[in-house]
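Each chain gets a letter, A, B, C and D, in the order it is written, and its residues are counted from 1.
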Amino acid sequence: MRLLAQSHIANRYAQPTEIMAKVQVARAPGQTIVSETLSISPDTRVDAVELEDGRLLRGIFQGQVEVAYSAVIDLEPRIEIHAGALQHRWSDLPADILPYLMPSRFCPSDKFLRFAGREFGNVSGGAKMIAIVEWIRKHVDYLHGVSTAETGAESTFIDRAGVCRDFTHLGLTLARAGGIPARAVAAYALALDPPDFHAVFEVWLGNGWWLIDPTGLAPIEGLIRIAHGRDAADIAFLTTSGPVEQVAMTVSVAKI
Amino acid sequence: MRLLAQSHIANRYAQPTEIMAKVQVARAPGQTIVSETLSISPDTRVDAVELEDGRLLRGIFQGQVEVAYSAVIDLEPRIEIHAGALQHRWSDLPADILPYLMPSRFCPSDKFLRFAGREFGNVSGGAKMIAIVEWIRKHVDYLHGVSTAETGAESTFIDRAGVCRDFTHLGLTLARAGGIPARAVAAYALALDPPDFHAVFEVWLGNGWWLIDPTGLAPIEGLIRIAHGRDAADIAFLTTSGPVEQVAMTVSVAKI
Amino acid sequence: MRLLAQSHIANRYAQPTEIMAKVQVARAPGQTIVSETLSISPDTRVDAVELEDGRLLRGIFQGQVEVAYSAVIDLEPRIEIHAGALQHRWSDLPADILPYLMPSRFCPSDKFLRFAGREFGNVSGGAKMIAIVEWIRKHVDYLHGVSTAETGAESTFIDRAGVCRDFTHLGLTLARAGGIPARAVAAYALALDPPDFHAVFEVWLGNGWWLIDPTGLAPIEGLIRIAHGRDAADIAFLTTSGPVEQVAMTVSVAKI
Amino acid sequence: MRLLAQSHIANRYAQPTEIMAKVQVARAPGQTIVSETLSISPDTRVDAVELEDGRLLRGIFQGQVEVAYSAVIDLEPRIEIHAGALQHRWSDLPADILPYLMPSRFCPSDKFLRFAGREFGNVSGGAKMIAIVEWIRKHVDYLHGVSTAETGAESTFIDRAGVCRDFTHLGLTLARAGGIPARAVAAYALALDPPDFHAVFEVWLGNGWWLIDPTGLAPIEGLIRIAHGRDAADIAFLTTSGPVEQVAMTVSVAKI
């Protein structure tokens, strides 16, 4: 499937401000970048870093700065997680997977061990993940305006409402509490309405990563990976060293 | 300086339990492993993994299992952090350092931005770190029994008391809130009284890592690195998939 | 039913310490104090205050001080809450009941509004309370050692385990979040095993208070009221202005 | 001093919604209500309750409802708290003052005992309160938009910013942690800019209550008391059983 992903971010920086932006499509298995353009206006020097977990733009912005990105991507078909996907013992996990078993800023999985055991302790692997996602969809409302950039999985678990970031944090937390490595993924998402940067996650089962959108708002075959990390702290599309005023932001994804 | 570091951990596992142990001295600049022995009794197969952030033992333990480790280490001299150590712009940091700027499970540095700005905003780099450590030593009591494995930097900041793990979490949090990359370090520590595994941290300034013991209990020239990570979640000497009963634990470090 | 309730508290106070103790049986409808004795050794002057919400002993203790209390009580029969007990509109509540609708230290009911609406929104009054208690008993394990004096209903809701105090805080929180006035009650409890001071709660429905033991460990007809308040902060059997070392404590309740 | 206090609250209620409003000036020592008017439009039956801690309006609102209140008040002079105001032992406090020593929803004073001891342990009574207020003014920024209706004193202590409600919660928390009874007060405030309902607090020292505005934004001699309670949960100008959309709100206080 060939997709056109575009984003345009216009912000105003009162002071010279260090920025880290993750808006470029990742070079990753299953997705091929056919072409892409990045423009920053006014023209500002940025440092482009290719990391294992995504591509990063770094620089110092001042005044109104607009970042426009456009990419044509070929996506290979993806398979939905299935109940038979095998959960590995810790000893059988590749070493670079282990950090994704650990609690993180917004995903204190160590506090959910008993809950995960009670609710999902009788299943394993893919069946456990499917049960976790069903639990989230049944018990949490998708609602804007109830969470902030400081909201973690504990609050969402109590408040029972949130947006894609919150659903993802709860999914990550319950997966890890159930012994399944899980990491957050930032993505462009086909058919997401309204269009926006999307937060989903993936779990390591049966010697591979499986993408999951716990909100169910976007089909996984239309997700274009930007970056991954332990949670939202690692995959923000924009991190700044100081205050920033948003002027405009648009995201779009279309079949072409 | 040549040191002998030893640890002995005896635990009882009612069920077959997955374990990850970090007790072996790291292969890292500044410390040379002259000799070492590891014995597990009863004899149990473990998988030894050499990671960039430390060496890991993985296995499945059942019944009473004892892990005994002994190493002779040559430590090169270390330099205390000094006020002139330069703080880098994000753009000038090596890419693999960037994760240590981010908030983590026990170090929600995003909540401390204003505090860090108010208290330490007028200094930078080494001078800022020295000010942070002085603040912690002045405002936090070293006390056993007031914190648990779930205690994070917020609680310690309010409660004003804790142990080495808590001092380290507060140091990591305030460093990151002040724009300085910081990571937790597990160590054997000469002259720590009572002897125990020690938690300290290090910050990236002037293109290098500087070790800091925020408790001031152990001289940094006598610290033998075991592992590093974002916070205590990453560097625990023992992580288990289920309950465990501690039978005995001893740690010792001596000049030889 | 005639009961003999006894408590004996022996503590050591390194410094002269202000204390407030609530160990005396309350003068309240449904329970008659046939006889009682209170002795403090060594003999220490205490101020006995009769409050609407319980009887209070105040004084300044130093060294080892023992408080021994014994009372013979006649308890009238009590009725278990039934599904038909009517929930009142705020406008129809006596004014002195209103504070028990509000969130308190350990019962942040304002955070549970959506959960209460989702889980218990289709029932009202006694039926709602019965549903809440069934939910707690089904989803929370009675376990010692997982909670502390700082644990509130949020932690218990996540951790799914606790003791009588934690069950009561969760019951209070969910009742208030569902619009039902609820207050904590400290009690001597017949048949509680092991014997201890017990924490239960009561809700205002159908123009009266209904006692509920969310743990189900003690029959409500054997509860002897000591004090009530918003949560555990108000009904502690002992509050001190400084550190105290517990030497011994026994509680007993028996039919006579 | 004769003051005219006025408030006008226009809200829209999609469903019939239970409301409790505290907008009327309290009948309290030091302030005399010369005249007052209350109008609700459209005309809606409300129940007016005179409580010890303030006057309460209760009713069921639907559609757009406006509550307009106007009062002419004679205020007697008030004295600022002075360093010599005596702190009482618990045993010497009137019994109805004791609840104001306890932690509450937004004021977990039990978590701040060590901090209060370290920072303010060398002073007592009025001198301690003056030190607490100075600490707050020095360490906390008055800023809109950083706190919400769920923000408690812990967050404000970490974030070091907030509005009158947050300053008051921190003042209440530190006073109680220092052994001083303290309660929240809702008030009309002369010279508050921009005009709004104001949250301040008062402490019990030297056998009387002393009003304190921790923000320093309004002179205490121009405060007209509406209600008091343990914290903001008790003194909200409007509590509703369901969602409400604010249409307009104005508050004004003037010398006449």
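Methods note: a residue touches a chain if its C-beta (ideal position, glycine included) is under 8 Å from a C-beta of that chain, and two chains touch if they have at least 3 such contacts.
Note that the structure is a prediction, hence the values are computed from the model and not measured.
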item: A-C against C-D, pair bridged by the larger set of C-beta contacts; value: C-D
item: CA centroid of chain A to CA centroid of chain C, Å; value: 45
item: Cα-centroid distance, chain C relative to chain D, in whole angstrom; value: 29
item: Contacts with 2+ other chains: residues of chain D; value: 111
item: Contacting chain pairs - touch in the sense defined above; value: A-B, A-C, B-D, C-D
item: In the complex with chain D, residue positions of chain B that touch it; value: 111-112, 114-115, 118, 139, 141, 154-155, 157-161
item: For the chain D and chain C complex, residues of the former touching the latter; value: 18, 20, 47, 49, 51, 56, 58-60, 89-91, 95, 98-99, 102-105, 107-108, 110-111, 149-150, 179, 229-230, 233-234, 241
